[in-house]
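Next, two complexes with chain A in common: one pairs it with chain B, the other with chain C.
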Partner chain A sequence: MAAARSAGRTRDIRLAYLLLAPTLLLLLTTLAYPIGWEIWTSFTDLSPLKDGSAEFVGLTNYGRLLGDPEFWRAALVTVVYAIITSVAKLALGLGFALLLARPFRGRALVFLAIFIPWAYPAGVSVIGWYWTLSPPTTTAYAPAMGHLKHLVDGTLGTGAWAFTSIILFNIWRGSSFIGVLLLAGINAIPPELFECALLESKSRWRRFRLVTVPLLRPFLALAVFLSLTGAFADLANVWMLTAGRIVFPVIGTHAYFLAVKAGQYGPASALALTLVPFLLTILLVLFRLFDPPRREAT
Partner chain B sequence: MSPRPWWAKLGHGSLILVATVYCLFPIYFMLVQSLKTPEEDVFGNPFIVVNPTLENFQELFEREGEVRGFVGRALRRSYPFLDWLVNTLVVFAGSVTATVVASIAAGYALGRLRPPGFQWWRRAIFATYIVPQTILFIPLYQVVSALGLDDNLLALLLIYPTMALPFCVWMLSGYFQQLPREVEDAALIEGASRAGAFFRIVLPMSRPVLVAAGIFTLGIVASDFMIASVFLLTPHNQTITAGLGTFDVALDELAAVAGVNLLAIPVVTISAVFARGFVRGLTASMVEGA
Partner chain C sequence: MAQVMMKELNKKYDEVHAVKDVNLHVRDKEFVVLVGPSGCGKSTTLRMVAGLEEITAGEITIGDRVVNDLPPKDRDIAMVFQNYALYPHMTVYDNMAFGLKMRKFPKPEIAKRVQEAAEILGIQELLKRKPRQLSGGQRQRVAVGRAIVRHPQVFLFDEPLSNLDAKLRVQMRVELKRLHDRLETTAIYVTHDQVEAMTLGDRVVVMKDGWIQQVGEPLELYSKPANRFVAGFIGSPAMNFMDVSVAEANGALWAETPGLRVKAPASIAGRLGAYKGQRVTLGIRPEDLHVATGSDSADYCVEAVVEVVEPLGSEILLDVKVAQSVIVARVDPTVRAKLHDKLRLALLPEQLRFFDNKTELAI
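Right, the complex of A and B next:
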């Protein structure tokens, strides 16, 4: 009997690896080589503009980055961008989720309205946003938008309007997803718990802080994680919404610029990799926040 | 609960109104622009459309290569929009299917069969989510060329799933891990094979989670702009996203906004139909397990 069981277990394990194969194969082809290439290149002076093979230059690229004010500026902008968007998205998303948590007339429709900004394909809505916020001069609303742009740029410096529009777009789309995610989290909380809490405390804020937030923790952690990693690695939105005329570069766009426009693959790789420690830290925090309650449950 | 006072109701109602307007206004605005004639675009009120027309949408489907006339001295070209539409359909449907199938397999393997170190497999796969895509397309281009897939839709079918897989595998493996074993065991005792039990019992009851994985993948795939623009170069091979990126804004603003809507309407409709399932699936995969 024991032998049969262990034979079954061996079969299960073999089946498990077989089922994992497609996923691992996909991830290996599209990630393993590129990441290896990126790490290796960050130690060389590889460039498509240079004849001959790449030379190993050690940590030169990284050293140069640390002494480069442009890098620190891009890093600062990235951090500001990530924090502003994450805080706003979380606040709005939580608001949406709480708003939808209780039944009211027309809730299904309001839910759809909140869901749609995320579902609306961002690959093209970013194009639509760009033209809405910086329309061709012939359109009827171009003067109004022009005024707004000058007002913002005049107060906060050139490029501020473009940067604001990126933030607005990111928040608009992200708060929708976080709202839906947190709604899914609130739905998972058994209603009895709220009823108990209602007996325990009259203060809404206390109930929210002591019951809702801890139970939502895995969902909140995931929301923050997706939001921060998305913002840190953001390239496409910034590039598209500013049409490549970057005044406030983030790490992503700066690396893209170095690689594609300046042809400096080495420094660009090093720059892109500077994000990894931050992202890893965020990931580890997520795992910590995610796992403990699950273990208690089992 | 005691009936709420009028001011609380009013506050609640206005919050709902503000939230709805905030979410829908940009979409409404783009829809309005796409329905305008050039005259109205220049002289009309930007917030409404008085004489809606589908001319911008029709323009997209005109035969390719035809000269559409001049704006000033600039030549307006036509675009192979029909090809883009078909390509987009193929890429989106293919990527979503591939991702859902691969993540069911991997999720079941990690959540139910649990090979040694399955928790670490799960984390490692999820960790690939944080790889910054920034300049990864340069080496990725080498991979794609080595496979002979450059300027080919298959390149996107290879890359898109890997953008959604980490999250989907994480979600599905968590779901299968918490799904009570008895569900399957009952079928196995009845004499069903493992595959039979899986396809006849586990899979049907997991529908919301599969919907959630599918809709999440669609959201990721539809939000990509970079990969599509980098890997698809010939106009005939492009998807709508890549193609719209090549539009000349100053000349074709209305047609482009129509193109945006033409892609968005089906995607939003599909997502909206499955929206409730999406929420239920997220809940199930992360907490309940069933």
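Right, the complex of A and C next:
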């Protein structure tokens, strides 16, 4: 009996691997291979501008990064960008979700208005934002925007206005997504849990802090995770909004610049890989919040 | 402890009139059960008492305060929900203490009350657990405990036993009854289960389509249903109904339909007289039918053909065809009836009920 069962089990396991094989193959070719190649490249001086084959240079690329003020600037800008946008998106998104969780007249229209920024193609949105913030000179409010740009750039340095617009765009688009994500979270919570709190307290704030936030915790953690990792690895938003004229580079744009414009594959790979420890840390910290440990001491 | 008064209570949603002119006086210390099919307005009524639904029209008084405009928190009620509504992120202790904490009770007082309630419910060992580590029955106890610790004026129960399996439901039903005897707190209890309503309620309120159909003690609803709906809703298996016409012969009234002729007992003949020549509904409960013996008067006997036999042990349910209808008879377990057997059944004359076909009211 036992032998037969174990033979059947072996067969099951073999079948499981067989069924998993296509996925594993896909992951290996699209994920493992490029990452492996990138790690290898970060230890070489590979460049299309260099004659001959790439040479192993050890940690030279990493060492150069640490001594490069441009790297530190990009890192600082990335952190500022990630934190500002994440805090704002979370606050706005939570507000949207709480607003939409209760029925009211015109709720469907408000839902649409809030969801459109996320649903709309990014490329098209970017053009809209670009023209709104830098209107053609014939537009009535063009002088006002011009003054604003000068004011911001004058105080914070050239390019600050462009950077502000990137932050605004990210918040505009991201809070829409986080709002819908958290709304789904609120809708997944049985309404009795909120009603039960209503029977015990008049204070909205107490109910929010003691009931809504803990119940939404896995969703809030997911929102923070997506927002932070999105901002840390952002390239598209920054690139599109500034058409590549980047004064405030983030890690992503700096790596792109090094690799594609300057042809320095080695340093670019090293630079991109510096993000990995940050992303892993974020993931590990938030992972505990996604799914709290099941077994408590009793 | 307090009485609850509902006066001309109404609830309208956009298109649905969910509760219609409900008048109900729940006395101090009384256990009142609202019962009815889904959509009858019983839960909505309860939620208006709790303050979870706005009152469209009418008035609710708890104790001597009109509570229409009071927020739920100030109504001094505690509610037990069908799905228990326990907070998954809190321990049993914290769940039970939740209401008192929100109301800023001092910690020692909270601890004392939670201990007390835990003892009453026998859940002292569970206080440090999380809800997901509990069985359905245990969760239900915690939900009740959370209501007890508040020492409210009124308990509100919204189908609290519906999520439990049948055996546990019977057990918890008894426990809730004991608990009420002990605490003597006024309670309003909503259920769709008429057995639960009959066993728990000091009085039972039967509702349908937003209207109160009848208010009464359990046995009163059973023996004197105000209308056809109550007659059919209370009692299991349900009362049998047959469409008959009223005719006069030999100085008595008879309920007739092809294949059936039953004499109306003298006690009801006076009221039934007005329906001479008209059609009415005859009602008879399964338990008021038995296999006829020589001593049964032919005036109350009908011929029946057995269609289904359900032997339950202590009794046998027979689905039989009488005239053109299929009715259920609850007979003695010694009856040896087989499929397609022809039987002569006798009806208990005093238990015959008649209902107006138009108004459905009892005659």
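As a working rule, the second predicted complex is superposed on the first by the 251 of 298 C-alpha atoms of A that agree within 3 Å, B and C clash if a C-alpha of one lies under 4 Å from a C-alpha of the other, contacts with A are read in each partner's own complex, and residues count from 1 in each chain.
Keep this in mind: contacts are C-beta pairs under 8 Å (C-beta built on N, C-alpha and C of every residue); 3 or more make two chains touch, one makes a residue touch a chain.
Just so it is clear, the model here is predicted, and its values are computed rather than measured.
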item: Which partner reaches more residues of chain A (counting touched residues only), chain B or chain C; value: B
item: First (chain B), second (chain C), both or neither touched by A:Leu199; value: second
item: Touched partner set for A:Pro214, first chain B, second chain C, both or neither; value: second
item: Touching partner for A:Gly252 - first (chain B), second (chain C), both, neither; value: first
item: Which of chain B and chain C A:Thr229 touches, first, second, both or neither; value: first
item: Which superposed partner A:Leu59 touches (first chain B, second chain C, both, neither); value: neither
item: Partner chain(s) touched by A:Val87 [first = chain B, second = chain C, both, neither]; value: neither
item: Touching residues (chain side chain B, partner chain A) in the complex; value: 12, 15-16, 19-20, 22-24, 26-27, 29-30, 33, 40-46, 101-103, 105-106, 108-110, 113-116, 118, 121, 123, 125-136, 138-140, 142-143, 147, 158-159, 161-162, 165, 169, 215, 219, 222-226, 228, 240-241, 244-245, 249-250, 253, 256-257, 259-260, 263-264, 267-268, 271-272, 275-276, 278-280, 282-283, 286-288
item: Residues of chain A touching chain B in the complex; value: 12-13, 15-20, 22-24, 26-27, 29-31, 33-35, 37-38, 41, 95-96, 99, 104, 106, 108, 110-129, 131-132, 135-136, 138-141, 144, 172-173, 176-177, 180-181, 183-185, 187-188, 218-219, 222, 229, 232-233, 235-236, 239-240, 251-252, 255-256, 259-260, 265, 268-269, 272-273, 275-276, 279-280, 282-283, 287
item: Chain C contact footprint on chain A (complex, rising order); value: 190, 192-193, 195-202, 206, 210-211, 214-215, 217, 292, 294, 296-298
item: Residue numbers on chain C that touch chain A, as the complex places them; value: 50-52, 71-74, 77-79, 81-83, 85, 87-89, 98-99, 102-103, 128-130, 132-133
